[in-house]
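Shared between the two complexes below is subunit A, which has subunit B as its partner in the first and subunit C in the second.
Then we have the complex of A and B:
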């Protein structure tokens, strides 16, 4: 069994998703236990796969023992292992959170089993994208993840359905761009395997067809990652979708497309060693920097916590393409750490948002006054996540920025250092405004924040225990990833393969 | 000579035209069903592109003719196999989009994008 871990990482969530309706129909009481134990098992496998990568190096798995280029290849290396581990962790933690959330949510999601099916399929797609070793399998998993994402977003009601429809249209156009890109590569080389492409492509890099395919791939993956200016779908989908779905979408799902950009740039197109790719990476760096500033500025302008989080996602997600564009080992380590850090931080913030929605019936920033008295633990989690977003030590957000700044100055991108520092300041502006409301300002007389408790009993814990547990796991994770970032960089991220395409 | 090269690629120009039609149709129309139809045009154009890549005039199905091992006589089966998957993906996106349209129509009682955008802001 141990030898088949890479394929099991994909098969377990896939089979769980397919079996879930049957389990729910026959033994409704067992549904949750079945789902959670499957996701926990998958998480354990992800840890084992990661350990294998650290001790024995990259793991190439051939489906059915068909060697590439004929067979399908799954690859676990330092970067994909990190993404898989993050996706598996987030899937489990969010499954822990989701049940209590839906039980208390007044808007009431009717088709809960369907939600869990789509959610698990989304996890399948994310893990599959991370592991895929050929570019068409990557497309298939991208679409599995995206289609289930459209579905879960639409479960938030009428507004969400419209947001999901726009997301679907843009996402599908992005997918056709991606497909055109791989069609052109296939026409030029006759293969779809990434390892083989990296050998065949260098002499062809000057040809217009490869240039066009690079553009199409960047457009496609850029739209899916919500890279500015291709982010139009994101804010509405994040605002109206159901909280647990968005907690996964904004964390694991968005990361994996940035990861796909890394795979293409360094392991297919040769990274900075190829003039054409170096140019593409430079453009990627500009767009990412623009995204960081745009997202932060727009986040400051928002009055609603949900929408603020959506714009802050646009900003934070752009750190990963920025690290990829810089292309030094330190910057790549920063990008990989951001995959971990932002997933936990934004996941935690969305969970707190769900808690606010249940307990205070508002996500309006002005109405959060006095929240620390009603929800002390959530407020504490909010403070830690906010520190991580701003980048204060010892949270993981600080070490992300530190690695990126180190990478940018090594590679001679002084202006990127400026962008990173400015972004930290802008993040401080909007997160301190929230913390001020939560901790310092007294609630106004007759303010609704202090009195309504929703469906929750006034006595007892501020939120159901599974929800609090999920948040606290992530808070501990944020601190642990921050304090342990030196160890992670040394032992895991140093194994990230730039395939000779790092900046000189 | 130039004309010959142009006409040997004419099928690709037509596919590109179909793709661009889809793209602009999607941008231009404010009616959601028309947007969806334009999106399908784009998807179909990509499928045709892949199929033409594998096509050969007078090509035969691989393996089926006994004793024929000449590579140039075969139609490349790989693009067709890939597009079988892509067609399934297109089917599911179209299906889920139509389901969204039903929900949107029920909730907003219109399928006009600019109208819904206007109401969403207020």
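Then we have the complex of A and C:
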């Protein structure tokens, strides 16, 4: 069994998703146990796969022992292993959170089983994208992840349907661009396997077809990962989708498309060693920097915590393309650390948002006054997450910034250092404004503290235990990833392969 | 000089003990006595740990500890040397006294949110220990930022609009300057390949003079703001809205001193006083601190509130430290390092007296304190003595540092600064002593007629201890913890370039 871990990482969530309705129909009481044990098992496998990468190097797995280009190849290496580990962790933690959340959510989700099916499929897609060793398998998993994402966003009810529709349209256009891109590559080279492409493409890099395919791929993956100016679908989807779904969407799902950009840029198109790709990376860097500043400024302008988080996601996710664009080992380590750091931080923030929604019946920033008295643990989690977003030590966010700033200055991108530093300060503006309300300002008379309607009275326990546990797991993770970032960088991220395409 | 390095986890424990205390304080938030017990216990343990390392440091050795890797090639690195020891010993000793004072102060004023207050206080001290013992720039920066965060809840403790505004101002100044320092640190690692503090610095010859000057300016940004150097001092008087023990902490122990200590570390252990002269940074820095000394003293004279006066006095006094480091001669460095300590003892006494008076009067307008010296003789005697000490009167600890700074100014041939130091002493007399004079000789304000005696003993005891300590140190500068020897060892280290 150990030899088949890469494929099992994909198969377990896939089969779980398919079996879930049947389990729910026959033994409704066991649905949650079944789901959570499957996700936990998958997490354990992800850890084992990562251990294999660290001790024995990258793992190339041929499905059914068919060698590429005929068979499907799965690759676990330092970068994909990190993404898989993050996705598996987030899937489990969010599953832990989701049940109590939906039980208390007033809007009520009618088709809960369908939600879990789509959620698990989304996880399948994310893990599949990370592991895919050829560009068509990658496409298949992108679509598995995206289509289930459209579905879960639509389940938010009300305006979520429109947000999901918009997401669907833009996402499908993006997928079509992607398909066009890989079609052109296949037409030029006759193979879809990444390792073979990296050998066949260099002499063809000047050809218009490859140039066009590079553009199409950038457009497609850029839209999926919400790179400015292709981010239009994100704020609404993040604001109106159901919280647990968004907690996964904003974390694991968005990351994996950035990861795909890394895969293409360095392991297919040759990285900075190819003039054309170097140009594309430069444009990517500019867009990422624009996204960081745009997202941060827009986040400051928001009055609703949900929408603020959405714009903050646009800003924070762009750190990953920025690190990819810089292309030094330190910057790539920063990008990989951001995959971990932002997933946990933003995941935690969305969970807190869900808690606010249940307990305070509002996510309006102005109405969060006195929250620390009603929800002390959530407020604490909010503070730690905010520090990580701003990039204050000892949270993981600081070390992301440190690695990226170090990489950018090594590569001579002084302006990127400025962008990163400015971004941290802009984050401080909007997060300290919230922390002021949560911790310092006193609630106005007759505020939410007096209300007691809903399923969760203001007096009484803060939130159900699983929800608090999920948040606190992530808070501990944020601190551990910060303090352990040196270890991670030395032992894991140092193995990230730039395939000779690092910046000179 | 040989460099003996001992490994050990004591520096790490000195940092961790108050983080643990903060958690215990939060856990026992419903039991005030237990909560205060944790503060006192942690302070005692911290003093024990710090002073246990003192004999080795006095023998000229250093203690190192590298618990984990922060980033490839950069460890979380603690190294206890003479300069760090000086700061850590000062901070840990004053924490105990401030904690005792806080208990008296907070309880007699029935302050709210005391748990958060004590927890933040403990975190501040952890950060301060980290700053004192940091062995490289990244470790230093991590604790420097931690200090910013841990101090913020203390600044906004009063929870009113004024406090919020002060808090925002504090964060704006410190976070922005902190980010500039971060860029500077990255540039140091980029140009020198490493950032471990070395006496006499390691940046010499690593880049052209303009680049070095730029890096120096960036590095200096964070510490200079925390040290309240003009024109970056705006947050400091505003932060006076916080309770008085917090002001005492900000001014004498943690924040402002951490800034000064940071400047000393950068000048003495990253760059070198001689290198600063070569890149043309020493003269402007000395000039800026000279201007700060005089301007701050002049502003202090115009402030009617005692705490505000003390705040501007701090701004002026701390520039002594920067001035000494910028002059860079042996005596100037000794004076600078000793002033870090001497000013701490004296200024904390002044803030303690201000706080003790406030618990009785609920007002710190100096015109209304008139005549109170006769009812509170001990408090005002302590005030008067330390005010004279700040001015640099012999027999007080302040004289020792000022004398050395004067020697340093003459050694370097820059007589102008000797004049500035003397003028500053006279100005200090003129803004601090009238308070004492009117307290003993003036008419009692009718509204203050209800005040019947000394403040309660929890507040009185610490301030008497610190003022007596300031007296003993003025006579035996090496008393209590061989602080003068530590300053001399640190100055030797910097000038000879070895531990």
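Heads up, the rule we're going with is that the second predicted complex is superposed on the first by the 496 of 504 C-alpha atoms of A that agree within 3 Å, B and C clash if a C-alpha of one lies under 4 Å from a C-alpha of the other, contacts with A are read in each partner's own complex, and residues count from 1 in each chain.
By our rule, a contact is a pair of C-beta atoms (placed from the backbone, for glycine too) under 8 Å apart; a residue touches a chain by one contact, two chains touch by 3 or more.
Because the structure is predicted, anything quoted here is derived from the model rather than measured.
> Quick check for you: in the superposed arrangement, does A:154 touch first (subunit B), second (subunit C), both or neither?
In the superposed model, A:154 contacts subunit B only, not subunit C.
> Pick one for A:165: touches subunit B only (first), subunit C only (second), both, or neither.
first
> Between subunit B and subunit C, point out the one touching more subunit A residues.
Counted on subunit A, the partner with more touching residues turns out to be C.
> Applying the document's definition of touch, where does A:187 land relative to subunit B and subunit C: first, second, both, or neither?
Only subunit B; A:187 stays clear of subunit C.
> Looking at A:393 after the superposition, I want to know if it touches subunit B, subunit C, both of them or none. Which is it: first, second, both, neither?
It touches subunit C, and subunit B stays clear.
> Just subunit B (first), just subunit C (second), both, or neither: which does A:424 touch?
Once the two structures are laid over each other on A, A:424 reaches subunit C alone.
> Answer with first, second, both or neither: which of subunit B and subunit C does A:483 touch in the superposed model?
So A:483 only meets subunit C here.
> Where on subunit A does subunit C make contact in their complex?
330, 333, 387, 390, 392-394, 398-399, 401-403, 405-406, 409-410, 417, 421, 424-425, 428, 432, 436, 439-442, 483-487, 489-490, 494
> Give the list of subunit A residues in touch with subunit B in this complex.
136, 139-140, 143, 147, 150-151, 154, 157-159, 161-162, 164-165, 168-169, 172-173, 175-176, 179-180, 183, 186-187, 236
> So in the complex, the part of subunit B that touches subunit A is made up of which residues?
Interface residues on the subunit B side: 19, 23, 26, 32, 35-36, 39, 42-43, 45-46, 49-50, 53, 78-79, 82, 85-86, 89, 92-93, 96-97, 99-101, 103-104, 106-108, 116, 120.
> Mind pulling up the subunit C residues that touch subunit A in the complex?
The touching residues are 68-72, 74-76, 138, 141-142, 145-146, 148-149, 153, 156, 159, 163-164, 167-168, 171, 175-176, 179-180, 182-183, 186-187, 189-190.
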